[in-house]
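First chain A sits with chain B, and in the next complex the same chain sits with chain C.
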Partner chain A sequence: MSSASQPINQLPKPSILERLVQRHSKLAIALVVVFIIIFVYGMVTAPNFLTLFNLKTIIRDAALVGIMAIGLTFVTLSGNFFLLSMKETAALCIIAFATGMASGWGFELSFLFTMVFALLAGISQGALIGIGGNPIVVTLGAAGVLYGLGAYWSDNLVVSYRRPHGAEWLGTGSFLGLPNITVAFILIAISAELLLRKTSFGRQVYLIGANRAAGRATGHENFWMAIKVCTIASVCSAFVAIAFSAQVSSAQVNYFSSEFGSSGDMTIMVIATVMVGGNSIMGGFGSTLRSSFGAIFISTVDNMMVLHGFNSGPRVFAVGLMIVFSIIVFAILRRGSRSEE
Partner chain B sequence: MTVEKIISFIKQKPDLMFAFMLAFFVYCIFAFTNDYFMTHRTSFAIMERFAVLGLVGLALTLCIIAGEIDLSIGSNAALAAVIVVRFTDSLGAPTALLIAVTVSTIIGLIQGYFIAYLRIRAIVLTVGTLMLLRGISLFVAEEKTVMLTDFRIPDFITTKVLWYFSPASLTVIAMFVLVALFMNFTKYGREIYAIGGARKEALAAGISLKRPMIIVFAISGFCAGLGGVIIGLRSGTAQALGLQYLLLAGTVAAFIGGVSILGGRGGVIGAVIGALTVNFLNTGLVFNVTPAFMVQLYLGILLLVVIMFQTGSVIFEKRQRRYQILKDIDDRRERLKKEMTGGAQP
Partner chain C sequence: MVEQLLSLSEITRSFGAINALKDVSFDVKPGEVMGLVGENGAGKSSLVKIIGGFDSGFSGQFTFAGKQARFSGPVMAERAGIAIAQQELSLIPTMSVAENVLLVGDNVPKIATKRQLRKLVKPFLLEVGLDYIDPATSVERLSVGERHLVEVARLIAHDPQLLILDEPTAALGETDSIRILEMVERLVKRGKSVIYVSHRLDEIFKICDRITILRDGRSVAVKKTQELSVSELVNLMLGRELENMFPKRISSSSKIPLLRVRNLWPDGLLEPVDIDIFPGEILGLAGQLGSGTGEILSAIAGAHSIRGGNLEMDGRVFMPKTPNDAINAKIAYCSEDRKHDGLFLGRPILENITSTALKRITNFGILQPPSEHMLANDIAKGFTIDNSRLLSDAGVLSGGNQQKVALGKWLAINPKVILVNEPTRGVDVGARAEIYQTLHKLAEQGTAIVVASTDLQEITNLPTRIIAFYRGLKVSELGYDEVSAENILTQITDPFGAAKLKR
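For the complex of A and B:
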């Protein structure tokens, strides 16, 4: 049969590769390719990289930042940029939790006590953002207030409590060989993705993020949305604070500041995770799954650099480079696809 | 005559008057509660603090006037401090100072170029550079606290000149005067106001986004670098992860000075008053033996209060304007009705 007599609607089927390029954004594919290249490179060169233990370590390292990033993704998707007060919310919550545990209230009561503070922080910031305050400036001020409150409450001292305290299962326990915090990360990632994809709340987040005027016209004001998403972000920070405190059986306000962790400031790490995952900062495009993979990606790179024996300077530099690189790539790829605000 | 002039000035610039009253109020509180606050020595200390915070406040004021915000200012200052302290011993203070300030200015310039070229929000890029610059500073400092060995330079920088001033604060005051002249009397300065207040209109009128954006971020980088250099040389030490508090303090200073988050409003005089207010608060709290974290708490509350006032006034203005438009439409309808009925009768 000659090709001229072939009807138009029976064109040859595109190959799998072509379909992949058509269906997904090029960037997602580029990200996956970069991930695979680095993964392969690390597999070949880094000692002890490709062991099951190391893979578990990577996901475990990603878990704390990842959970916070999932919370922050809701804020970013709804078009409210990001919160600069993530680590300060966690700082206040970790003090609240440790104070509860040190007074012998038990895990459940301390957990609820902490969540009250998380809700208060989230609702107040969300309300201030919702009535029209700029998210960056509001949360910059709120960061100072929350950190100051935490420091004032604990007198800037370490609050510690003794084992056994009934929270070890969250901090150091494991389930089927996986640490419980990793299990929590996976469960939170799945449920957040379902919340975004399958519920009307999730679709409203996308609507308000993509087009605020259309959202207002259809009766979805940013006021309530800002309160909801900020509360989700705060609750996620509080959960991370509780998990971290349960692990080390103590608390201090500067646990999440630059002295802690491998790559500097926790808030900036969380924002980096959201950006490296490829979520649009202007809102309306992205998903929590992207943030989860962003966390694992950053954690993998960090892990490989540690195995290669780099100091903290090059590692912080690498994370910064990843953020700037992803910003530039995304800006070039999405040029013209979204109107500027 | 003069009274009328003053009243008209107040009516023109309510933000500035509010800032001035706030500064005076804060000064009075500490002057009454602490015996040592209203002395020559304290004024010298306040001016010394002003040298750094004023610069950062000025940088953020310019950025917010242009409708953007530079989050990487603390990192930039820390990098400059680390460079100047690291290289003063080997190269001499003037060369090290020049290198540090040049590096900071070039970093600002590159940021401005990318923001204009990619048409992205500054907050997005500066979060990335915040981390990048911390990495570079850690690298330059070799992950240690760098220190000076020769302490003649810190002594020179903090010499008293004319009761209240030191070489550092005199340099900063000169910088303020230059920036004020630049913003008010040159074409480039007015362009910065234009892209902040009404970006779409400015672009439609033929102003390129690149030039003002690069100028703003270059000045911002220069101010951050100079501030970092002053801190580094004055204390003789520098940490790669330090100076994080500058962002909050500088933002508070800028917002007290009357800038609007929507851009296009505010000025250098406001930045001076804002920075002085924050300095009064800071110095006064230190005099009353308040721990450092409480200062952060007060600054946070101050920022939230100021931003809420501003948001409230914006909402009020918007509502007022909508009411005015509706009233105009009603009036016109009434007039039309009258004309039609009036024309039908005869």
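For the complex of A and C:
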């Protein structure tokens, strides 16, 4: 079918603003504008916000949650919802890593030792989800098991190891003025995006997420996909656990339940990050890049509120609002783009 | 002449430029069973929706029980005395039969013990012939046929003047169907009127007093059943020829089967089937909804559970356990529901087309955009899909173009066998013709194509030969010269001649 070529220069080209208003719903635009006003106001009035040091702090704070969120994004994009065991996987892994370090195995061996646990956690949860288990139920159960193992293993005590140790470069080192954990975040974000966009695996993630039945019909079974994406998410959790342990030279099973973000709960922060990034909860639409920006965005707002002197209550409230806000805006935008149907 | 209970005249209903109904007349007398027949898309369900109050956007005269009527919703129609039993049941499976029957209604007490409910529900169950079941049984433990009867009991509890049964036996076996027919006879004896919509001509001839035939949105005839023969009815249903949409049928094919299906017993069929599929032919599986043709196709493609059987192709005996196995054997399967498992609506058309053959467009797992575009362009050209829209979401396409994508994506695997269930459901005439042309071309190139369809025109004019199914049974095979609409319709509606025997 040949598409008739039409003269283009008949109408004056609408400006970017006009096109924006034409293409998207006014409600979504209004919401975004209101948000930007609040955001800019907060930014300008916050003391010391626009300093290089503070910007670096924001990204460094975003890194740990961001890396985990990138891993979880694969699960969400493939239509397997969320892993509610993200922080528990990290809890078991941090104990494993610190135990290795404390036993004098050195960084490399401890790293591999930790990854064994991550792989086991990812593969087993993935297989259960892949054969049709409900992701919420499976990962809630897994969360209990993983946390329980970690607590039993460490006797609920802090496992510490002394500086100098082989993991310091990851925890506190820096490269060209950027903390190494920030560099790792950037590298992981780029490679995850490439994996999704440029590989056959990434394509399968989107296809199965967009329509699992059609995925199966075209030869892409969710069983293997669930195993792969859960493993990626678990490995990201383990990496964060290692990086965090390297910062504080210790481990305790409760680190990821109390130390993170404004709400302190790593799983909640990670899910919030994926949502704020605008990834579809049903799968098939979104990207890891969105999650990376979601992490930086949440971290920015959080940082701004800290500079304004808010304590943790309002900051948790703000994270909650951001989730609701982004779900509404992205839902309206998506619906708008489908209106041709 | 008896006063009409329901009378419709000059009813027209249009959706945009399409007339679903045009100048339709329809009437029902008290105590009468009126049959409503017509091909798929003839306008039966549009008419039923208007009568039942689901659709008020029509023009024309509608009187019910002597009064002008235009119902704003199904509840209004129900109050006036019209009840519809639809194909999709509206029962709550976890609740008991008694609770379901007395779920809503004026004469239902607000508070009642289980014993009271049981007593209240008895007469309704008796009326539909379900007096042998305990009203406290939960609905999910009943057979599908019994559930249909419970649904009718629920409707009767409102004491309707007119009961509409929309294909009540489409999903039922023989015994349950007989129960439905018996129930209709009982109701009519008590002075109720029934509109009976069905594809099954044997049933129509058994219980209807008069028959209204719809074709292309018009009522072409109203006849007394005694004055009508099966072949006359079929002629009235089919009417004018539309055959130029179809390419000339392929008459001959290779003598050596490409795919032998042996003892294949998909769940839902009554006995195993053997089918030989030859290269270069279009084999048609004819049958109504519930005849098992779709199950056979999906079983061959590894997408449906089976009790046994195997396939033989190129000297290899195997049985696909998953669709992926079938794809590896170059068997493509396109289901009847493209939105469910045929398309990735939220993804670009390009990705939809290449989804079956990621191996062809990747190199060591890395996507190769140039070869992906080339492949998608080739297929789009073959299926007349607009090349310039390859990057927009499949969801924005019209039904016809969606179907072309759903089918076209299989060309990416260079299939040897293409199985298609309902190739043109919900597809406009233009796209239909293009799909037929493409299937034809593929067959001429040596692909074996199997089409299952409930569309009589399609199944008459497209295939080289036909295998007919009736309620899970293979009833006959029609060779090239035996394929005709009359023959097929007889085989899929009344293969054992039951309708003729009675009259």
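Here is the rule we go by: the second predicted complex is superposed on the first by the 284 of 341 C-alpha atoms of A that agree within 3 Å, B and C clash if a C-alpha of one lies under 4 Å from a C-alpha of the other, contacts with A are read in each partner's own complex, and residues count from 1 in each chain.
As a working rule, a contact is a pair of C-beta atoms (placed from the backbone, for glycine too) under 8 Å apart; a residue touches a chain by one contact, two chains touch by 3 or more.
Just so it is clear, the structure is predicted and the values come from calculations on it, not from any experiment.
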item: Clash or fit (per the criteria above) of chain B with chain C on chain A; value: clash
item: Which of chain B and chain C A:Val324 touches, first, second, both or neither; value: first
item: Which of chain B and chain C A:Ser200 touches, first, second, both or neither; value: second
item: Partner chain in contact with A:Ser312 - chain B first, chain C second, else both or neither; value: first
item: Which of chain B and chain C A:Gly219 touches, first, second, both or neither; value: second
item: Comparison of chain B and chain C by chain A residues contacted; value: B
item: First, second, both or neither for A:Ala91, with chain B first and chain C second; value: neither
item: Partner chain(s) touched by A:Asn211 [first = chain B, second = chain C, both, neither]; value: second
item: First, second, both or neither for A:Gly144, with chain B first and chain C second; value: first
item: Chain C region in steric overlap with chain B, selected from 260-268, 296-304, 314-322 or 440-448; value: 260-268
item: Intersection of the chain A residues that touch chain B with those that touch chain C; value: 340-341
item: Parts of chain B lying in touch with chain A, wherever the complex brings them together; value: 69, 71, 114, 118-121, 123-125, 127-136, 138-139, 142-143, 240-241, 244, 247-248, 251-252, 255, 261, 291, 293-294, 296-304, 307-308, 311, 314-315
item: Parts of chain C lying in touch with chain A, wherever the complex brings them together; value: 303, 322-324, 327-328, 333, 335, 340-347, 351, 355-356, 358-359, 362, 365-367, 384-388, 393, 395-396, 409
item: Contact footprint of chain C on chain A as seen in their complex; value: 1, 3, 198-204, 206-207, 210-211, 213-221, 280, 284-285, 338, 340-341
item: Touch list for chain A against partner chain B, complex; value: 81-82, 128, 131-134, 136-138, 140-149, 151-152, 156, 253, 258-259, 263-265, 268, 271-272, 275, 281-282, 311-321, 323-324, 327-328, 331-332, 335, 340-341
